[in-house]
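After this come two complexes, each holding subunit A, first together with subunit B and then together with subunit C.
On to the complex of A and B.
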């Protein structure tokens, strides 16, 4: 049936009432003439030209370079390696004579001196290297619900019925369930470090080390909780055993301070936060600044570091270190950040100059050519 | 037809070339002259003839036809033979001529397409004279176009071989003597060629070569000639031949992208064969429109479709593809680098929530909206200046050099993120209160820098900032921050690990972390910004010049005429032996330009 001709039909408009069957009900298929559907939304159309980018480059250069200088200059840090690798080092005997079943701990003393006094709070860290706390199997090997105080993870019969986290294997239970389970807890760092200042006249004074405030506040108060039920932690942890490589069970980590015993022991919490890289440092203690701001926290002079050498690292060629550092809002001494800022700042500044020359030579030429056309 | 008087009449209509051989009487010479005259004027001609059949003849005819129709083998051949036997000894009645005016703005469309660098061919079933007249009217052939003919008329005088060689010599001689300017529309003194070929000659050219190799392969010579012609007209084309031509061009050495447009049922095979088939919803029914990739109501709509929408979609999709590879390279490469520092134990750098949501929530919406909305140049300017289309010819934005640039950018960014964070964490205290960060904080730092960098990279690439762009780009970043705060803010009971608890917030409360985030983002974005600015200043493409000019005239550029002066100077190639203008995109059109203005 030949359709009757309608001149408008070719434009795609709605045909008239006549036409092939069904055409009368055909709707107008043209899209609406709105700004969105016709792609005519109002828009800002910036262009990245030399002229627009120049100010940004100069600003970046001028801001970054001073920040870099401040970062480089500020901060003091001191690093002492006490692993005892070669024969001349003080801890050599301790590192050689290590045995797991040693009940008597080995001590060694390392002498060092400070050329510059350390002001304000001084932070003491222990550092390990070649220790892969970021190994996948190691990172998985913990039970966060157990550390949060969940009692079902501690109970013997439930634990053996596979209710404990499977990730803790094989450190989940020896004859009894292990609290805390897992490889991270098992490898807890247990060296003890003490610092003594040697007066010019030869007498030793112990420097007070504060072991509070070294873990994240949220870790200590929210994420890690001792199982509830009894103030006496010995009772609470009954029916569990200590991790294989520990010398003391978890409720004897700090028997004198109940706020630092059990799972909420700050050293333990710091250790449980697995480090990102194989060479890392963890906060050991804080040396508070003196109440009167006149004397520096650590004056210039000779010091002795007394190490109770419990932690074996020679078997995997690791190293142990003690680090003293001052911290500001910009962090500890970080030469890399400072150098990076200076580099990027100066590169930006140079690029700004280059772009300025380009803009003058070519920008004017482009603009004038277009205006004259 | 059976008249009441008992006689049978057979009426037949058709093209003059098929009717005249079968006619035995009638005013043949006069009609022939008239038909020629009509054709030259551009009218479409048909001839009508009749024949009287007696009853016996009629019976015989029916019988012949039936047996042919019912034949089990070679039905087509038997039918053709039967028709041949029946359709003879006609008496000529006369001829008809239909004036088919060109569609609205057809000439303008064709001219724009040629300026855009596309080669336009016309494939039609009409006579040569009619088609040639139409082509002149639609500006396919200009006054300065030198017409080369490869028609039956010429091949009757010379052998096909000789004709082909003659023509190729003509085109190549012209071509070699001057450097070819790709602006075929703008230089008036450059002689361009137009080729006319008809169906019979084409089948001779395409016939596979015989045993004697002296005949050679005509296809290559034919393509060579066509390559140097600005327009080609193929007349007297059977539908199958139209498809054959498209196939021939598709298989030519440069593998161009072909587009076929038609409005009748006889165009369907060509539409299906070409890369892009466009059907015009015409008066002849909807066959073409049903079989095509895109259907448009009129021929003139092709211009906006290709030059505006096609251009936009290409820009958008090339950015989409490149950006997706880039952001995923930048995402996974730090993870790969981390393996060198975690004992190759497959420890993930980022938390699983981040791994899952990166491509779904944090970086998906900005690029999605970019590829729906982006307009690098105003629509009116694109329509006004078709040569802007040449900037994207030959798939220029998805070629290897550009892809390698984007991948290199992704790798560079990843290296900056990871090693930046690595050297900052290594052997230093990264917090403002002396406490230490763990591996999840390290990963979160890298991830934060990553999300901000890739989103800001897209922001720098966006030319057309509507409110939607603002919403999705800043919204995505805000969503990332809010998600991280929520994810780490609560001890989620359904999780059996709590490793992300408070990690993000602790990271943000450390001064060095902020300093390093800012530093790493700036460092990652720096090379791309510098490259963009320097390239725009020193070697601007036509697109960029137009963008600059548009900015200068505050969006009123389309009203100022001389856009041609803004074009980037075509770089003269050092080697003139390469005759193929590499930046043209062949486009084969069957322009059924003619509107059926009469029923």
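On to the complex of A and C.
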């Protein structure tokens, strides 16, 4: 066995090196005897022993299982598919008779009933399926500077000089620059949904739907801005044209409320936040809870959903849904995380038991200090 | 003199050969192999997630992660920790390396990085990528925030997936490292902190207002990382990625301990942690 090695005994000076200048200036090429350069830095050397691994497995198992039970919070959700695929469905005629140039909108009414009252704020969503908002060309097809209020992308001569975003092609300009440009904006969801409650005595009451406060605060106040210069948006957007598939130009999205008109219209902002997956839901409006807290927001009973069917989805086999949902601290109703935590916790715990038994049967044998092999 | 000039290593006395081989040569082999295995693992995992996402984005090659994250992943977020591991790692210290020269045998048998080892690393990456994509997918499917607004949008999903990835590869590195110096600790926790700092500053108002087209992810970090849903998903994903590795390594130590494991146990028992 080699004796323990002492670095000070190392002969570091090179025989043929340097004698330039005589005694005292001979360069010493010996590396420093510091902990860093001699790789002796103080360190923690953990290894996987039974004493650390097995308790870790048990602890993880015992923590995850209760977390899983807490996470299974069930909210209430109601889903209504109103695409109109079957002949018997109320929106079938609207889905068949669709054409882009229709000036007359088609409306259909869907009856449904609630078996349980919905308490507290109720959120109404529209959902789409088989709609790939996450397709790469679609996701690129927007101009964030234009949406942030940059005026240069609204001016024709600048657009022809190729200074406004090329990503918006082919929805960049028709004869004038399109505002807002791009395929995402062009495919804005434009169905109108209204909800009516049918009293036991047969009369209909409209349920008030709040369409503000549905977009992220940062989107509404920082990311999306109307171009400045004039409070009258019609003047600001002069010289631009509306997107190809829109019925109204962007400054008429909500002419009665200047805080919700133009690029800062909340429906538009919610739509522009592209979804990650082909089946998604987007917030349409909020049904606020009653101020006295005594009556439920949506009592049990019969309801009618009135749809102004403007958005075609049958051509790509998509589906449209209206979703009513209550919200918990975990968000909407999605039991996946709760079930996953319970599963992983139990598997972990069982694995801990298996490893413990293996350790007792085989581990002790190999722990003897014979290393000669 | 000419032999010295054309050689990789030169030394003056024969007794230095033992240290060169048994200590430095062995450590060098170990560090190289660990570095390679980990590097392949983190990059394969990073890439395979896009493979799974392809099934859900119409095969349009849409990236799961933010483009800035893709740029900075290998440059900033995971560069220094793996560098630290490949510079400082030791499985047993130099005294014990001298006392047990048969620790040198795995290097001679090419055990640490062979075709089998590479294949195991690729398999591990595939498993990790499945977990790193499908758990966030299922957790975000048709979900909303706790105030009813969107969280299943592309940007939040990207942020969730990339945070899960960074934390998981960090934990995997922690498992791979067997010699934790202060420098390593600084590199690892510093890189993780750097990830959050850079993410929050890139997704802040100021960067968007000045460069709207380059930094479109404004507000995403603030709006999704304050959801308990998101953090619970990150915790579940990291633990699920790492647990099988821990179980497998523990089983190997119990059932088929290598010389390194036995020496390592002895080292720990006799309190030789320097």
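Operating definition for what follows: the second predicted complex is superposed on the first by the 327 of 373 C-alpha atoms of A that agree within 3 Å, B and C clash if a C-alpha of one lies under 4 Å from a C-alpha of the other, contacts with A are read in each partner's own complex, and residues count from 1 in each chain.
Following the convention adopted for this analysis, a contact is a pair of C-beta atoms (placed from the backbone, for glycine too) under 8 Å apart; a residue touches a chain by one contact, two chains touch by 3 or more.
What you see is a predicted model, and the numbers here were worked out from it, not measured in a lab.
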Practice task
Would you sort A:171 into first (subunit B), second (subunit C), both or neither based on which partner it touches?
Solution key: neither
Exercise for the section: Could you say whether A:150 touches subunit B, subunit C, both of them, or neither, answering first, second, both or neither? Expected result: second
Exercise for the section: Could you look at A:331 and tell me whether it touches subunit B, subunit C, both or neither (first, second, both, neither)? Expected result: both
Exercise for the section: For A:82, decide between first (touching subunit B), second (touching subunit C), both and neither. Expected result: neither
Practice task
Mind working out whether A:362 is in touch with subunit B, subunit C, both or neither, as first, second, both or neither?
Solution key: both
Practice task
Return first, second, both or neither, reflecting whether A:311 touches subunit B, subunit C, both chains, or no partner chain.
Solution key: neither
Problem - Doubly contacted residues of subunit A, that is, touched by subunit B and again by subunit C - result: 2, 5, 10-11, 39, 41-50, 53, 60, 64, 67, 71, 121, 123, 125, 127, 132-137, 139, 144-145, 148, 165, 214-216, 218-219, 222-223, 270, 273-283, 286, 325, 327-332, 334, 336-337, 340-341, 344, 348, 351, 355, 358-359, 362-363, 366-367, 369-371, 373
Completion exercise
Within their complex, subunit A touches subunit C through residues 1-2, 4-5, 10-11, 16, 39-50, 53, 56-57, 60, 64, 67, 71, 121, 123, 125, 127, 132-137, 139, 143-145, 147-148, 150, 165, 214-219, 222-223, 270, 273-283, 286, 325, 327-332, 334, 336-337, 340-341, 344, 348, 351, 355, 358-359, 362-363, 366-367, 369-373
Exercise for the section: Report the residues of subunit C in contact with subunit A in the complex, numbered from low to high. Expected result: 1, 12-13, 15-16, 18-19, 27, 56-58, 60-63, 88, 90, 94-95, 98-100, 102, 135, 137-158, 178-184, 205, 208-209, 212-213, 216, 218-219, 222-223, 227-229, 232-233, 236, 239-240, 243, 246-247, 249-251, 253-255, 257, 259, 261-268, 273-274
Problem - Residue ranges of subunit B in contact with subunit A within the complex - result: 281-283, 297-298, 341-343, 345-348, 373, 375, 379, 420, 422-439, 441-443, 460, 463-468, 491, 496-499, 501-502, 506, 510-512, 515-516, 519, 522-523, 526, 529-530, 532-534, 536-538, 540, 545, 547-552, 555, 562, 565-566, 595, 599
Fill in the blank from the handout: Touching subunit B in the complex, subunit A uses residues 2, 5, 10-12, 39, 41-50, 53, 60, 64, 67, 71, 121, 123, 125, 127, 132-137, 139, 144-145, 148, 165, 214-216, 218-219, 222-223, 270, 273-283, 286, 325, 327-334, 336-337, 340-341, 344, 347-348, 351, 355, 358-359, 362-363, 366-367, 369-371, 373
